[in-house]
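The following pair of complexes shares a single chain, chain A, combined with chain B in the former and chain C in the latter.
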Partner chain A sequence: MDANSIMASLTGKFPEDIYDSNIESGIRIVAKVKPQNVVEVCRYLKDELSFGHLCCEFGADYPDRNEIEVIYIIGSYDHPVILTMKALLPRENPVVESVVPVYWNANWYERETYELFGVKYLNHPNLKPLVLPQEMLGEWPLRKDYEGFPNKTAKNLV
Partner chain B sequence: MEETVGPSEMIVHLGPQHPMMPGPFRLNAKLRGETIVDSEVEMGYIHKGIEKILENKTYLQGITIVDRICYLAALTNEEAYVGCVEKLAGIEVPERAQYIRVIMEEFSRLQSHILGMGEYAGFVGFVSMFMYTIRDREDIMSLMDSVTGARITHSFLRFGGVKDDLPDGFKDDVKYVFGNLRKAIDQYEELFSSDSIYKARTVGIGVLTADVAKDLGVSGPPLRATGVAFDIRRDEPYLVYDKLDFKVCTQKAGDVYARIQVRLDEMRESMYIIEQCLDQIPSGPLFPEGTAYGKRSPVMRVPAGEVFHRVEDPRGEMGFYMVSDGSDKPYRVKIRGPVYPTLQTLPPLLKGVTVADIVAIAGSMDTCTSEVDR
Partner chain C sequence: MDEIEQKNVEHTELKDVGYDDVPGMVLTDTNFISDFIKKTKVQDVLNWGRKNSLWFMVNAMGCCGVELLSTGMAHYDTDRFGIIPRNSPRHADVMIVSGYVTKKYLPALKRIWDQMPAPKWVICFGDCAISGGPFYESYSTHQNIDEIFPVDVFVPGCPPRCEALIQGFVELQKKIDAKKDKGTDY
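== the complex of A and B ==
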């Protein structure tokens, strides 16, 4: 299976949900996905296109666009193509469906994205902080407008 | 894991400081008698916030930071980071520098496997083995020291090349060390396969089947021990791996013994790769000619863009996702470590085993908590 046929299959199946898709090279494709249908798209990717390996899932903050991107990097054990799929969420209330039912190892990735960016995952089995202490919940430290680092840290050190 | 305990059940907390742990993480296990009913991993005790730190450092300063993700795999971490920047900026690495990188990264794999294996032998009660491996690993560390000038955190790669060339007489040193190391690895294998107590603790324990391992997102030796030949050096070749001859080591059983056997085989393959590289290495510059790369300039601007680059770490798939906005610092860096999904698999793997096997199973994953927490 090559990048072109994967892209044709994906956009053919989800003409409404997949947009801004692009084939960067023979092994890298990028696409944006409507946040409402992330789970369905992921299930199709896993079952029909043998994208069985979730490399990682994480967030990126864009205050100037007022958006948080949740980025899914999905690879495969059978073909070398990697899909970078982005779901764009509003910064005030980022909510997206959890993909844990499809990709089991998304569990920790989603917990980490939740505590670092404040992205709330619906139907997540155990959405609680992973790497940060409980007191820091709500500070969303990897957002760009977080004041605590490096300013607070530097002041404390000096 | 449910916090409530039923009759004749209890919760035991292992760690964060525990002799078996290669770093601090906590395992909460719910027991019924000797059997584990349910368990939960808690991590984050050494969370360093490297992803946030990298956003506030220039690209060149970042090389030193990514070394600290996991000191056992410092060079492969650097390769993933440097490879991202090279892809974004479109830098072509000269062939000699690519060969030197492959040599050093395979040394990194060699010393990581040798330590991981020795540590594991210590976990299951074979402590003298740990001492043997430390003795033999020291020779590899000295070789790496002679090239990079450091034993563990090397800061050796640069955008477009490497910091230094190989020293004079390096090939003879390698030949001498590898002669001893081959004998040592044969000796380890002999010790492992002939020791009945060791086999009783490892054969048929912690079995991971191929389908389950794929579903759980495992990569590296634990996955290859289940028979899945997934190796990024072969599937998505970077550097000069497509010009080299090596095989992807796999085992069928998927148990603890198979994982250690995969590491033993991979050490032999790494030595074979290094010898090929030393024979094939061409002469030439270390940095692309006619460019400023390699000159001492702290500020470097990288064109805007996003890239995902992955390499084969000693423990599996190491990937960096980098977003650049055209300034001298990365906008966002995501580090995808190989042990992060592997550590998640402990609760399903430990279900139904006895307390004594926790160490045997968790240790065989060669976890590096520093890299999980980042």
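== the complex of A and C ==
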């Protein structure tokens, strides 16, 4: 399968959920997805289009658009196409369905996105902070308006 | 729960027996003896022994930890100075803060420090441990480790070479010899 047929199949199956799709090259395709149906789209990608490898899942904060993007980068072992899929969430209450039932390795990605951006994942098996201590939960340090940085505290500058 | 209660019972029995009856033995809960020894020449002998057996704990916390590990290996051969890497904090005299200290790791580091028997010393190894280094103004690291631990020697560098760490040990030996170190204030 090449990039055009994959994108045609995806938009044909989910005409309501997939929008702003773009074929950047023969190996990179980009699409945006409605956050309500992320799990169905991912299940279709894995079962029908042989996108078996979730390379990465992370967040990006856009305060001017008042949105937090959750970005899924999904690759395949059967064809060279890599899909970048973005789900746009409101910044006040970012809630999205977890894709752990489809891609099991999303577990730690989603825990990290949760502790750094505050994206709540529904039906996640173990949603707790991954790296940060428990008492830093709620600060969301990778959001653009985070102001908890220590300001000029280091005194032994060498 | 039963094991804990049994241990407590044994402990109280031991306390009841006591060692006050042993002839020639004095029990004290003050540091009168050590304070007295510090005024005499015996302390010089003790410090000579301490400065020549600075066993450090292998606690590689960041990328400087690689230099820390290779310092203890055969090429630099710090055994000839009595500087021996130990794997347990209970065997060690020197704790080397060899990297950034994150907010999550600091409680564990304090616990390791409490497990080490006195006298004990701290060496800050690398820019991250001294001032934060590249993680200066980071949301998840602690700066100014010298406010938490009594640091005797700072070894700057990013990372410092193994020779720099050996020189740091030599400086620590000089401080112990001159009785100006912070580690023996126990």
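To be clear about the criterion, the second predicted complex is superposed on the first by the 149 of 158 C-alpha atoms of A that agree within 3 Å, B and C clash if a C-alpha of one lies under 4 Å from a C-alpha of the other, contacts with A are read in each partner's own complex, and residues count from 1 in each chain.
Just so we're on the same page, a residue touches a chain if its C-beta (ideal position, glycine included) is under 8 Å from a C-beta of that chain, and two chains touch if they have at least 3 such contacts.
These figures come from a predicted structure and were not determined experimentally.
In the superposition on chain A, contact of A:91 is made with neither chain B nor chain C.
When both complexes are overlaid on chain A, the residue A:143 reaches neither chain B nor chain C. In the superposition on chain A, the chain among chain B and chain C reaching more residues of chain A is B.
Looking at the shared chain after the overlay, A:27 reaches chain B, while chain C stays out of its contact range.
Contact with neither chain B nor chain C is seen for A:120 once the two complexes are overlaid on the shared chain. Applying the stated contact rule after C-alpha superposition, one finds that A:71 touches chain B and leaves chain C untouched.
After overlaying the two complexes on the shared chain, residue contacts for A:82 are found with chain B alone; chain C is out of touch.
Legend: residue contacts after superposition of the two complexes on their common chain; A:132 is shown touching both chain B and chain C.
Overlap of the chain B and chain C interfaces on chain A comprises residues 131-133, 141, 149-150. On the side of chain A, the complex with chain C involves touching residues 131-133, 136, 139, 141, 146, 148-158. Considering their complex, residues 43-44, 47, 49, 51-52, 56, 214-217, 219, 228, 230, 235-236, 306, 308, 310, 317, 319, 321, 323, 331-332, 334, 336, 340-341, 344, 373-374 of chain B touch chain A.
Partner chain A is touched in their complex by these residues of chain C: 103-104, 127, 130-132, 136-140, 143-144, 146, 154, 156.
Every residue of chain A that touches chain B in the complex is listed here, in rising order: 27-28, 30, 52-56, 58, 60-61, 71, 73, 77, 80, 82, 84, 103-105, 107-108, 129-133, 141-142, 149-150.
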